[in-house]
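Take this structure first; my questions come after.
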């Protein structure tokens, strides 16, 4: 799957749109899959993540449940469909596929700790799905179409009282995507659910909030972009302050975390706020910066989840709690990985998180927004730094006397996958130039929706190879 | 290429060092020295260019969009610092070789040390501000790891964290400052920035940028009020302290101010912020240093004080002051490094650093004592030593500040006062350690001279102190000139490096300081007594307490918001939706579109009434669960009728089947659950929820009404036209499902399949205890399988299968289809289960399921299989 | 699992075939073929669920019985209607009916008949299949009801099944 | 008719939301079911209300919008799968916490219903 | 004539539906409620058939059939729940 | 459509509607659960059956030949109504639903 995703990335990097029309029905009538730069980027991001999480899982986390791998692959399938589809309702279906798979994965491994967060997660997402349908319904009831390109054509033509309806519908979609992305005040389901999930699942879930962000980035610039007349930039005035508050909340949560996984779970929320703030400002630079940071943070957070799990497995009763305990096994290896992850996540040089934040900081035009964004982001980084240094030094360095009841040593699959995933941040630094060029081009492509609209004119054809592959 | 190489080499060395771990300590030490030697060799050829006042620039593009490039730039200032870093670095490595104990992780030590060195070199050699910032933060990070090298010591961990927080945090401010400067100048290249000084200073954002940059510099250079991290960083192994606090880490802030001097200095803001901070730091550090009983503590506060001195000099804004500052950087680095090393030797040999216990070491280690006394004398500003020269320049400059009126007296007085303190603590270092009676209760006794080679670095440094003190022009003249020229942008004032400038006011101040200091030291007990009246604050403990207070607060705050209550989360979700839609909906109002309302026929009206009443009744009587379930099934039934009423037979059928299966599933669940919901919410909460629900309901009503009465056209005309010719069926809904939008259906089936898998997986670990009787206290009836039901259930299955086949086969042209067919089969099977039980039924179907509720899975599978079968023909 | 071309329950197959013809829009070649296939296939699948043959001895008496019941249903519906609509409150009774029938299917049919015909509902059948509990809406005397049921329905059923 | 339909959807939504905000799994599931009924009706109504115009070619002069119907079908099926999962999850919650509180609080099990307790 | 009869019949059935709902809400016991909903299902069949006649289409017959099947199963399940708690055991 | 058919259809409709209503009235006003059981089991079933027959005749007389699907539904209803009633009665007896005062005899204890 990684290979095919990379092939698609290469295909998409020329800036063209490739479509696959199911049943060869001309859009907007049939469902189309649309491959553009953004879709390809998300596919590669997910494929890489999926690969390493899967290797990790095959190192023992998949035990006791034959369904694990199936659910895992279905989850990836859902993600891939979500990234490729060019149809609003099909996006809903893709969301459902990946959600139901995630429900199953979340509950994987049993144990009572997961039940309640799982229940909350499922319930809230069911309400989210209901909202999604209402939003789609409203938009369909005004425009009479579901194809996103067609919507981009039709939304600017909405007039009169229908404007109110579309506004309400669009805002509902924003809430749904915000729920998936875990933006405040819709983020509280996340920390416990992620912190208690099995590590490879939590790591894979690092991309789940990004689906919400993806959906915002996909739908809003396209449909409610600059050209949408009265509906232009719908909801973005809400999004910006909320993103900053989310960022702040994430930082507070991270600071107050009592276990590594909780810390990382709040890091997910920090990333969400960090990502959405520049997105809400709507500039090409902001979007580009956010996409760059998105790649970095997704892999980093996933790596940190895996590291935390390894720490749990090597630390006996103390698990990943931020308390003092007897010395763990493989301390050097794990502490180095944690250090790398923390530096990348905290946005310190020289790892990729820093470059993402740098791009975000640079993307804002001078003004009130700049003051807010800089202030919150930098103060947030400072507090995150304290949180990570505190957690790391207690967990890895503060050892009490005593004997660790010889835990099982790590196996190679687990340690190698964790290591590589965590160190991907270095690869991003090395490739920072090409990646930022790519995200820049992606942001430009997203900003100018004429290309996307053109797929309506593209005559459908049968592509040489199928676009979706469901194997890893 | 050579400049990047200089920076890169230590990092390569850091990677290589652990590889030499096999070869023993010596191998690592040698391997670690190689990068510095090569780097020195690489810098050497550039001297001719620099001596002529030029700069060397090696630049490579990296991230042009960010303004970030691999620019390395060498000028006098950079060279001066690079030399300090490299030479003292080499000495530290040599020293460390003897300092570190056998069991310690030498590889890690050298590796980190080299990383740190590389980062420092990066700072001084960067030709791009962003690049410099990267190295800047790297020094924070690597110094954090170095300070906490002895991770088992709590003080080391805490000191390191505090250092990281202060310097790393300052780095973030610096980042903001640099970005602002970059915004103003339009480039982050040092050459551009230095050339744009006037533009920067004229810009409205200059005060902000200046403040941010200075925050970075002050935190790094331990200026008041951020000075407190530095003494606690003394928890590091002594070679590290020697390195960090003489030549490198803390000098980075000084370097930054000197580096950006042409761009930022020369304004009133600069003057007041920098010089006053420096002055405060100078005095405070010197004062506290006197009272430190810890040898390294004394040195640390003395470092703080000297850093304040340099800062003050830079802040004065005169060119001569800047030269003096640069000069003092060199001098301080040499004497402080040697003093730290001496302190390390003493610590090493006596096992303690407490000056109350260490006395009279002259008798045990005269060689070391001589070296330390010379260095300390330099620190105290004794003539013929380098410390004296720069201090004289400082005294001279303090007299040159043109402050109005009585204020003109302030700088010289403070300078003299600081001088007095400096002499006092230097005297203490000499007298209290090497004389002053006999040692008290030393952990190691008697102390010896250290290994021969451990003294070499100290000797070299002390030699440098003397050389500079006696022959300043020859020894550092050209280097200082070059550095000063780089700092001042080429405008070097006339100055003279001489041992004695004649009898003048500065010399008088020096005398006052010298004798005042000695006097103060002789009366030290009074001062100690005076000082003891104030409670000493352990900044580390305060910082730690502050952090844990914050952590607790954050934890409590998080717990208060994220309180684990689904009710709250769901409420937030609903309220969010209401909040973001309320404005458009109020604008919309109770709007009826141009299509207007159509007439109501009263059966529909009554059905709608029934639906509304049942829905509301479900909510009202939800606590009686079975009753609510019955009401819910009425709602489901009427919804199905509604679909039928408004031309959707397929939907009606699907809704019916799904509804019954859902109700059966809910009843299965209800068996295990309490049959009655306790009253848990408070009245306020219920009223709140009712209000929220009403608002949500009203919102949906308003939306639906507006939507239904608006004219509309959709893409569906295409489906109606192409269903038969293109999709081959007359039931357009089903053709859409399996053809036009077949991919949705595939996804839908996938959802069903995954749900089955998930349910199955979940049930495997679920142990439910069936209750013994119903909620009224009745035991369950013994009558499991009533006769009549059993009899009717038998023929029902074949009939249902046939109806399924019928509904399935006609789906493409008439209402029906795979999913409904599947559900009918499922329902017929449910009937078998109800009538005859699990075991009986399971014996007769080819699948096996282990648990009661696994049936849900079975139904889903059958339904999914049904719709899959109907979807594939497309 | 499939016995080739055998019809384990010919009765069922017939019923299925006929039902299919009713469901399909008119009798045609296609519907006959499909009906045959289903009439063969479905009993094969459901054989396990319904292994015992309905123990009819004289099945041809069934239509007459059904017609009689239908007539009773229609006629007696009026009396129930009257009972429901009249202001007089009824005098309900629980009556234990001693069963002569033994075959479970026969008992079921009897119980169903009783429920469909006016004034009576089969409330329960005893565990030993010997007694039927009948609820009568408006009973004058227990014995009258028991006799009426026995003569009108149980006797014909006994002839059919024994 | 439109107003009536709108009111029906409003009533379903209001009841669903109220139940959603309860503290036990069972009412929450019922609330979600009601909500999804409302949503399905709403989605269905986006094609506007039509009487006797079932979208089967040849049975009528004009046809109701078939697309929302197809969407609702998909939504019903997906909703069913989700509800089934939620039901089983709530049972799991019950088994784990001996209590059907949505937050898994280990409190005493609710008193059994009595005739006067309603 | 048929039209008039149809209207009258629809009226009667609708009224019957209301009476069913009355019993459903009133109870007082669970079996009463289940009985009411069972009757409601049967009335729904009548309504669907009448709708079909009114619209002149047989499109809804299958819906009626399904209501019959589903109504029966749900009634039986509910009754079994009241007796045994576990619908399927 | 023949006049006979019209009469038949109308009569059946009214008959069916009437009985459905009567069944519902019985359900609403009879005094205890066991008596209420009678209305739906018989009257309603008969009523709906009649409506089905009118539908059969109606569609047979307007167009496309004879279609007995409604008959299937009716047969199904007649088969299942007694079983439903039986199950409900058993449930009521189990729960101990009270009978009206002057009931002769009593329910079995389950």
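Think of it as A, B, C, D, E and F in the order they're written, each chain with its own count starting at 1.
Heads up, the rule we're going with is that contacts are C-beta pairs under 8 Å (C-beta built on N, C-alpha and C of every residue); 3 or more make two chains touch, one makes a residue touch a chain.
Nothing here was measured: the structure is a model prediction, and the numbers come from that model.
S.K.: List every chain that touches both chain C and chain D.
M.R.: B
S.K.: Count how many hops through touching chains it takes, at the least, to reach chain F starting from chain A.
M.R.: When the steps are counted carefully, the minimum from chain A to chain F is 2.
S.K.: Which chain's C-alpha centroid is most distant from that of chain C?
M.R.: B
S.K.: What is the chain whose Cα centroid lies farthest from the Cα centroid of chain F?
M.R.: Farthest chain from chain F, going by C-alpha centroids: B.
S.K.: Weigh A-B against B-E on C-beta contact pairs and write down the one with more.
M.R.: When the contacts at A-B and B-E are counted, A-B has more.
S.K.: Roughly how far is chain B from chain D, going centre to centre by Cα mean, in whole Å?
M.R.: About 43 Å separates the centre of chain B from that of chain D.
S.K.: From the C-alpha centre of chain A to that of chain C, how far is it in Å?
M.R.: Centre-to-centre distance between chain A and chain C: 63 Å.
S.K.: Quick one: report the Å distance separating chain A from chain D, using the average Cα coordinate of each chain.
M.R.: Going by mean C-alpha positions, chain A sits 29 Å from chain D.
S.K.: When the C-alpha atoms of chain D and chain E are each averaged to a single point, how far apart are the two points in Å?
M.R.: 20
S.K.: Which chain C residues sit where two or more other chains touch them?
M.R.: 19, 23, 111-112, 122
S.K.: Would you give the residues of chain A that are in contact with at least 2 other chains, written as numbers and ranges?
M.R.: 89, 93, 96, 100, 103-104, 107, 116, 119-120, 123, 127, 134, 138, 140-141, 146, in rising order.
S.K.: Would you please write down the residue numbers of chain B that are in contact with two or more other chains?
M.R.: Each of 564, 566, 570, 574, 645, 649, 668, 670, 699-700, 703, 707, 712, 714-716, 719, 741, 744, 747-748, 751, 754-755, 758, 762, 765, 774, 776, 781, 783, 786, 788-789, 792, 803, 814-815 in chain B touches at least two other chains.
S.K.: Please list, in label order, each pair of chains that touches.
M.R.: By the stated definition, chains touch in these pairs: A-B, A-D, B-C, B-D, B-E, B-F, C-F, D-E, E-F.
S.K.: What does chain A use to touch chain B in their complex?
M.R.: 22-23, 25, 28-31, 65, 67-68, 70-71, 74, 77-78, 81, 89-90, 93-94, 96-97, 100-101, 103-104, 107-108, 110, 116, 119-120, 123-124, 127-128, 131, 134, 138, 140-142, 144-147, 150, 161-165, 167-168, 171-172, 174-175, 178-179, 185-186, 188-189, 191-192, 235, 238, 249, 252-253, 255-258, 266, 343, 348-350, 354-355, 358-359, 361-362, 366, 374, 378, 381-382, 385-387, 389-390, 393, 396-399, 432-433, 436-437, 440
S.K.: What part of chain C is in contact with chain F in the complex they form?
M.R.: On the chain C side, the touching residues are 19, 22-23, 25-26, 73-74, 76-77, 80-81, 84-85, 89-96, 111-119, 121-124, 126, 133, 135, 137, 139, 142.
S.K.: Could you pull out which chain E residues touch chain B in their complex?
M.R.: 10-11, 13-14, 17-18, 21, 24-25, 27, 30, 33-34, 37, 40-41, 44, 47-48, 51, 59-60, 62-63, 65-67, 69-70, 73-74, 76-78, 80-89
S.K.: In the complex of these two chains, what residues of chain C are touching chain B?
M.R.: 12, 15-16, 19-20, 23-24, 34, 38, 42-43, 45-46, 48-50, 104-105, 107-108, 111-112, 122, 125, 127, 129
S.K.: Considering the complex alone, what residue numbers of chain D touch chain E?
M.R.: Per the stated touch rule, the residues are 51-52, 54, 56, 59-60.
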